[in-house]
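Please see the structure below; I have some questions.
When the chains are written out, they are named A, B, C and D in that same order, and each has its own residue count from 1.
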Amino acid sequence: MEKSINVTVWCETGDALGAYPQGLHNAIAEFLSNSNNFKTVRAVSLEQPEQGMSEEILRNTDVLLWWGHCFHHLVSEETAERVHKRVLSGMGLIVLHSGHASKIFQRLLGTETNKLRWREIGERERVWKIAHHHPITEGVPEYFDIPKSEMYGEFFHIPAPEELLFISWYEGGEVFRSGCTFTRGGGKIFFFSPGHESYPIYYMPEIQRILVNAAKWAAPPGFPEILYDEQKTPPEGKYGFRV
Amino acid sequence: MEKSINVTVWCETGDALGAYPQGLHNAIAEFLSNSNNFKTVRAVSLEQPEQGMSEEILRNTDVLLWWGHCFHHLVSEETAERVHKRVLSGMGLIVLHSGHASKIFQRLLGTETNKLRWREIGERERVWKIAHHHPITEGVPEYFDIPKSEMYGEFFHIPAPEELLFISWYEGGEVFRSGCTFTRGGGKIFFFSPGHESYPIYYMPEIQRILVNAAKWAAPPGFPEILYDEQKTPPEGKYGFRV
Amino acid sequence: MEKSINVTVWCETGDALGAYPQGLHNAIAEFLSNSNNFKTVRAVSLEQPEQGMSEEILRNTDVLLWWGHCFHHLVSEETAERVHKRVLSGMGLIVLHSGHASKIFQRLLGTETNKLRWREIGERERVWKIAHHHPITEGVPEYFDIPKSEMYGEFFHIPAPEELLFISWYEGGEVFRSGCTFTRGGGKIFFFSPGHESYPIYYMPEIQRILVNAAKWAAPPGFPEILYDEQKTPPEGKYGFRV
Amino acid sequence: MEKSINVTVWCETGDALGAYPQGLHNAIAEFLSNSNNFKTVRAVSLEQPEQGMSEEILRNTDVLLWWGHCFHHLVSEETAERVHKRVLSGMGLIVLHSGHASKIFQRLLGTETNKLRWREIGERERVWKIAHHHPITEGVPEYFDIPKSEMYGEFFHIPAPEELLFISWYEGGEVFRSGCTFTRGGGKIFFFSPGHESYPIYYMPEIQRILVNAAKWAAPPGFPEILYDEQKTPPEGKYGFRV
């Protein structure tokens, strides 16, 4: 089948980050690209014109992956607004790890998604698969371990997810809803917590498989502009039985 | 049982509105009060200090009913922010009819909830009960008719509701998810579309029963301030089995 | 992409049915086959050995479409049991119209799914699309009319569907959740009410598009036999941090 | 408020069980009764006439708690059928611990709910509260520990719960959806996994609080017999606008 999905990976910095000397966005773009599932895969970052999220780039993006951590506050309301509108009109969004505290995720979910427990001591995380029928979990083992991870724990301030795909267990005693789906307008959203700048988690094959699956799942069938036309009341004449 | 629920009805105007010479908010406050289910019921409006939504009023509100139509744009971001935070910390919210386009509802749901079909020709609306086990539908007939109503039709730009309690049928050929529940943080939210300023819909016993039930359902067990404390990482010591 | 999905259409009779002189199952199999999306499409019926649902046929079925109306009681418990087990292990199931009262649908949902309103006077049905992001609704207009249909109305005794894709409006005053998804074990289930033996509904392009989409959506990524192995407690050794 | 809820606790044996010399059902009935929330609380068991689940007892039960472990196979199809029908008509059901494998739970959910991981070495279980707005979690701390528990782990073969209230963490490395709600017909269902015959878990105040809350939550507003009448097609005359 011809490839039709255009993917963009956004990062709050274009610089080297911990385990990712090439840049975290480039590391993710590389394995997505190597999967040969996508028409185009591009990496952009905050320092670029229009914060890397110009109308032109968004218009050519079917699925957006979002990484932010220290600089959420530098993302302008205008940028958040452009991304928000594009998601509502159908663009898929994959929110990565600390992206839970991003302006765009909070706007879409309506809660203080920045609130959760966390602890950073490089403890073991075990990721359990809760949904066995879902395209995002295809080919993923029933569970897998991340030897050193940052703990994210409940209570996580999100609305109840539409689908709960993964639950994480931590050596220190916490649990977390680590893989969740949501829909907002035409846009499919996947939040996936495993991943961290200083641990080489995005090099793990299980993580790469999940993100490739997610980018395929989140791609829209097309952008249903009708969503914006259909608000017109149909002409009376349309109703055969009313005199 | 002693009554413990404090209810506030907010309206974008304190003036007479169509079928409600006493003010729409006063009309709603009156039947809620007569139900003898609530400790206090107060009506407030946009012209009042801090747009009727001061910290002090919110602190004394367990459940808020919200009516807006022509003046959504006059509600300040500060007011929307105060209400939003109170809902997240546990206040119940009942969004009435044209309140679907309010700033607060859009902030909580994350979609363009202002978008839906509509037609105003006083046609028949039939409200069907879809959930028979729910506190909000208790004592409501399997369906009832509103002789003259404003049509609200799909597609309605909301996230999939957590519970779908009512679906409306319209003489002109449309359907609508007219009773929906959502949760955001500690706050329970009920959207109910039937109701209009120029038709005497809020005088109908079925409508009054539904709104009384909803205000009881939406009341929080208390305001779990813990939601804001619990984000602290528990001290290592809390984990008995880690040396 | 190479086609991998094997589809079977089951009917309670192999004979001509109303608008379908070739047999209703053959009519459905024909348009599914013509869509060129599936590896194999076969039509089977109740009169065949093992009621058309032998282990061998099930083993070679990824997605099953089920039509029954007058002879639900003739389907043996053994047949229902075989189909039930196959769905749990991953086979997609599409339940058509009066199939709502079938033994297999009731076993999977746990409620008296035979209960709903109905009226057969050939009135107009209007099918509204409620989900714009879903693979099953791809390419389907925001609504379409069925000039003559059998009315199915609420209350329909199903558990709340995981996704509500379509709501039907009827000229006579009813509404119905006409397109619903469920998941049971590895199996994805789609119930779609439009369709009737005496009206030529299965010849409508919108209906055919929906059923082709649904058969693609319901196909499993593979049959996760692991669902049955994974119940073994993992050996102690698997846990690095416990002595 | 006058008490109106009649509770019945069913156990597969009336004998002493591990930590419960008085009988497990009697231990549970005792703390429910002491909570002063219920009109009547009775304990019944498998050895009694009609397996403790006669029509007369069911007719006088608003909420049923179910404990079974070794003798699920001794529960007759007739008993399971009577309980199933009563749940559909509105009786609340609370399924306790090993009751996950009971005939009644499997009939209601439609999946092989007997399938899950388990390990019995008396390890620590930590129960995390995931929903802060729910009547069942009222007054329950954000998490609490069970010093010695039987491990129940994912993948648990249930349909996605309507509400996920608790997730359990185990010292050995597993997680479990330990508090889940479902609805079937008029009946509200709560599954709660903590609890075991040989550990004194049902004496813990957090566990007792959850079960008292759950019994109040699951009580029906009344038994909507209308569910069974309303299937009649309304007379033509009901539709004013059809000639």
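Here are some notes:
The working rule: a contact is a pair of C-beta atoms (placed from the backbone, for glycine too) under 8 Å apart; a residue touches a chain by one contact, two chains touch by 3 or more.
Just so we're clear, the structure is a prediction, and the values are computed from it rather than from any experiment.
Chains that touch both chain A and chain D: B, C. The chain with its CA mean position farthest from that of chain C is B.
Chain centres here are Cα means. That of chain A falls 31 Å from that of chain C. One inter-chain figure worth recording: chain B and chain C are separated by 37 Å, centre to centre, where each centre is the mean of the chain's CA atoms.
The set of chain C residues that touch two or more partner chains comprises 131-132, 142, 155, 160, 171, 173, 183, 185, 227, 230. Those residues of chain A lying in contact with chain D across their complex are 126, 128-132, 142, 153-155, 160, 163-164, 167-170, 173-175, 177.
Those residues of chain A lying in contact with chain B across their complex are 88, 107-112, 115-119, 155, 157, 159-160, 162, 171-173, 182-185, 227-228, 230-234, 238-239, 242.
For chain C in complex with chain A, the touching residues are 1, 90, 124, 131-133, 135, 138-139, 142, 171, 183, 185-188, 220-222, 224, 226-227, 230, 240-241.
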